[in-house]
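After this come two complexes, each holding chain A, first together with chain B and then together with chain C.
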Partner chain A sequence: MKQTQSSIRDVLYEAPGPKARKRIAVITVLSLLALAALAVAVIRRFAQTGQLDARYWSIFTRYTTWRFLGYGLTGTMTAALTAGVITFFAGLLLMMGRISSCKVLRVLCTVLIEFSRGVPTLLFIYFFLLVVPQFGIRLPALWKVALPVAISACGVVAEVLRSGVNAVPKGQTEAALSLGMQRRSAFFKIIFPQALRYVIPALISELVIVLKDTTFAYIVNYSDLMQNARVLISNYDALLSVYLVTAVIYILINYALNKISVAVARRTQ
Partner chain B sequence: MNAARQIFKPCRLFPTGRAFCFLSGPAKGDNHMDISALLTQYGDKYLQALLTTWKLTVFSFSLAFLIGIAITVIRVCPIRPLQLFGDFYIQIFRNIPGAALLILLVYALPYLNIVLSYYTCVLIATSLIPSAFCSEYLMAGMNTIAPGQIEAARALGMSFSKIMKNIVIPQALRSSVLSLTNLLVATMLTTALASQVPMNPMDLTGLVSHINTRAVGGVTAFLISAVLYCTTAVIIGQIGTRIDRKVRILR
Partner chain C sequence: MNFSENNTTSANAAPIIELSHVDKHFGSLHVLKDISLTVKKGEVVVIIGPSGSGKSTLCRTINRLETIDSGEIRIDGTALPEEGKKLALLRSQVGMVFQSFNLFSHKTILDNVTIAPIDVLGKSKKEARAEAMDLLKRVGVDSQASKVPAQLSGGQQQRVAIARALAMHPKAILFDEPTSALDPEMIGEVLDVMTSLAKDGMTMVIVTHEMNFARRVADRIIFMDGGSILEENTPDEFFSHPQTKRAQDFLNSIQAH
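Coming up: the complex of A and B.
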């Protein structure tokens, strides 16, 4: 991906002549100045409103702050991984229903997949927060986050897995069947392992979405990174700095996951 | 001014101030409202909420599309600092969780003396995040163009703007129809963020939590919203597939 990306960037222009090179140099300097001005404006705004005060930022030199955020991060990871595992298996079941030979099952799974893909995560979270207790079911906070997040992601995962299965040549199933393999073992021993390899990058990207969705944990009072950030804020009275750092942590984690996904995609190609 | 949006003000974004009392309350199956009661009492609110969600989706998507195109232009222009800025922008808004961005806009910006209305905050959050994905899809669409085509066009003496206008942009748009359709659906799902701030009129998600914290709407209240969302998504998907079939480039 990255290679083709740089190639389209390069190929769009021919090698610049002396005039164009001069123009590019001038615009480069101008744009650098503009970006620097933007940065200065932001920092000045921080300084003017007193947000650069040491008391807002010195808390990040303390070990306890990071340990507390680390606990939150563990909570986020637990929720994301729990949801991720549920999503994978639910998606697998939906996908198998979607491609099964039984028509009723196929239609049912198609409807479920569309439902899961077309309804926002927040609505599922409110369902688990507000409606499920009305039936006398009390779930721990972790499940109140993990289940709705998983439900809203499993439709996409089912479709991703299906695209992987479709990418495996049909001849392989036919060969396996003609060798006398059962349909089920042909699927699980031959088709699915290959399909999984095709879609691992897409599955990692979906994990990013799951992780982003777990930020809604504050709605159900599950202590994830965001929730612990809130506690820090009320302890130190430093809203802007703490939220900014929290957002950066989220961005870095998701950035790393995306990088892994790209690297895996390049290796499997 | 900061006092106006104190963090522990019991707003839906931070429901600490309010105990969800029905958890222990007598809400059991028999006083659930059925669908006709719900529709007579809340029917027009549902309609309003649906329109709000649609309106927010269209506004956000249009903004996201415009910003996405601008960022894409910046990312392919030959000015290195601008390219890097574009990549930076993409990485920020691809990876930030929607809730985190909304919280920053609503609660952190007032500390910089920038106070935006709740509606503006939601609109900004729900257009900046899709704009990053929009640019990614457009880049992916551009990458489907074989470099040989551009070389050939240049060999024929076409200028840069002509190459862009006649070769790159049409093909990039045509091959990203499906991903842009998915983006429109994703934008609609992102607008559920509007339920996290006080909005008037409410969106579909906000309405469900509104109904359920007052009356016992139960599964039905949730299902009506879900079906409305889902139908919209399916319709968008159908239209997208149809357009894609018409304009797809067969290779």
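Coming up: the complex of A and C.
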């Protein structure tokens, strides 16, 4: 292992000796065998039930299938980005209220944050689907997904941002104030940029959650990746193959996001 | 380069910092007891005393990083406002150098020095940069201008902090134990910069444990203990003839090792 990338593993465990190395080798082989056996069992079961039949998989040789999933992916990205941006700014406002010197604002924002964190996303979705229209407000499908998902995530983002602000040493504020900078200027030019660096990985993790929450789109009939996958399933009766491909697409996106977050965190340290 | 408008340290020079009957409590602890102190233009006042004597707190009340319970603080004749733009304006006229440097860790050395002149004084980026480079050259760290603070030694960081304070053309600079966090071999380079500032006529209030430096540079020594000013004298008088038992004990305990 490279010395430059010392991980928590190096801190917790000492380098293995000869006995430990042998034990590790045995456990590695055994677990690989077990995994292989499991995979064979699963594939055999699928073969027996006909899930591996060509008719379920041949749809993925067609351009139109991918184009349809592509539309869905665009929908997912649009919803996730819209919700993500709203989440960030709503979280920022809530956090600033939470650390404000005005007590009423502080209490109000604390309550809002707890509300946002405590209520399941699905409840917010139903609120925008069933309750909001009763007041005569007709929202496009995109907003019926993006708003509830953002509302559900902004409380966590507020707390993540607050932890970042608290992690910035007090001396940074004092230095800014002693130079004659005003509180707002000191916050946005000195404190917040440093706080943001501390919490970028946590924020991107929250973006992954937002992206996954957009799968609630099917409830409000918004065409995201999940919704379009469900259309494919009902059209071709291809449950396993479509779900598998869809899952792989979601995994790839979220894996990429996590890679970005690690890269950004390393760059800014 | 000259950092102050004029170099007079005469007895009738205008007072820059005036504290009268300042009291402060931390909970039940009475940390500043009826402090009155006047610092004139061009004067170098060194505050010494045992830890917990209130000298850092006193230093920090002068630009209201610590609030006071009663009494009055005036900067260049203006009473220190309690908040807002007026407080920020007055703070901009009093520089501060901290024990832990407190350079802005996400900004380059050059940006550390230019941010306040641009943000507070409304200078152009170009003008602020040119002046910042002059100041960095003056304190001997101009070759580090594009680095970030973490890449510099403690002594270099503290010299940048001094340049950052000077960039605001302050009427006075407060030094709160500026060498206490430094390795011994870096203390000298920071004290040298401070000595040359004093020679140029900068008004300075310095909290320090560096007795030789205090003796050499100070116009006046303030000895504090238990939140009160016990002695106020010229360095020669104070170090050779301390008046109070407490000051004698303090000086003995320092010279003992």
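Note that in this section the second predicted complex is superposed on the first by the 239 of 269 C-alpha atoms of A that agree within 3 Å, B and C clash if a C-alpha of one lies under 4 Å from a C-alpha of the other, contacts with A are read in each partner's own complex, and residues count from 1 in each chain.
We adopt the following convention: contacts are C-beta pairs under 8 Å (C-beta built on N, C-alpha and C of every residue); 3 or more make two chains touch, one makes a residue touch a chain.
Please read these numbers as outputs of a predicted model, since none were measured by experiment.
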item: First, second, both or neither for A:39, with chain B first and chain C second; value: neither
item: Partner chain in contact with A:172 - chain B first, chain C second, else both or neither; value: second
item: Of chain C and chain B, partner touching more chain A residues; value: B
item: Which of chain B and chain C A:197 touches, first, second, both or neither; value: second
item: Touched partner set for A:219, first chain B, second chain C, both or neither; value: first
item: Partner chain in contact with A:185 - chain B first, chain C second, else both or neither; value: second
item: Shared chain A contacts, counted only where both chain B and chain C touch the same residue; value: none
item: Touch list for chain C against partner chain A, complex; value: 63, 65, 84-85, 88-96, 98, 100, 102-106, 115-116, 119-120, 161, 164-165, 168
item: Complex contact set, residues of chain B against chain A; value: 7-8, 13-16, 20, 22-23, 27-29, 32, 75-76, 78-83, 85, 91-92, 94-101, 103-104, 107-108, 111-113, 139, 142-143, 145, 147, 150-151, 154, 160, 163-164, 168, 185, 188-193, 195-196, 204-205, 208-209, 212-213, 216-219, 221-222, 225-226, 229-234
item: Touching residues on chain A, where the partner in the complex is chain C; value: 169, 171-172, 174-182, 185, 189-190, 193-194, 197
item: Chain A to chain B touching residues, read off their complex; value: 1, 4-5, 7-9, 11-14, 16, 24, 27-28, 31-32, 35, 45-46, 48-49, 51, 114-115, 117-123, 126-127, 129-131, 133-136, 138, 208, 211-213, 215-216, 218-219, 221, 226, 230, 233-234, 239-240, 243-244, 246-247, 250-255, 258
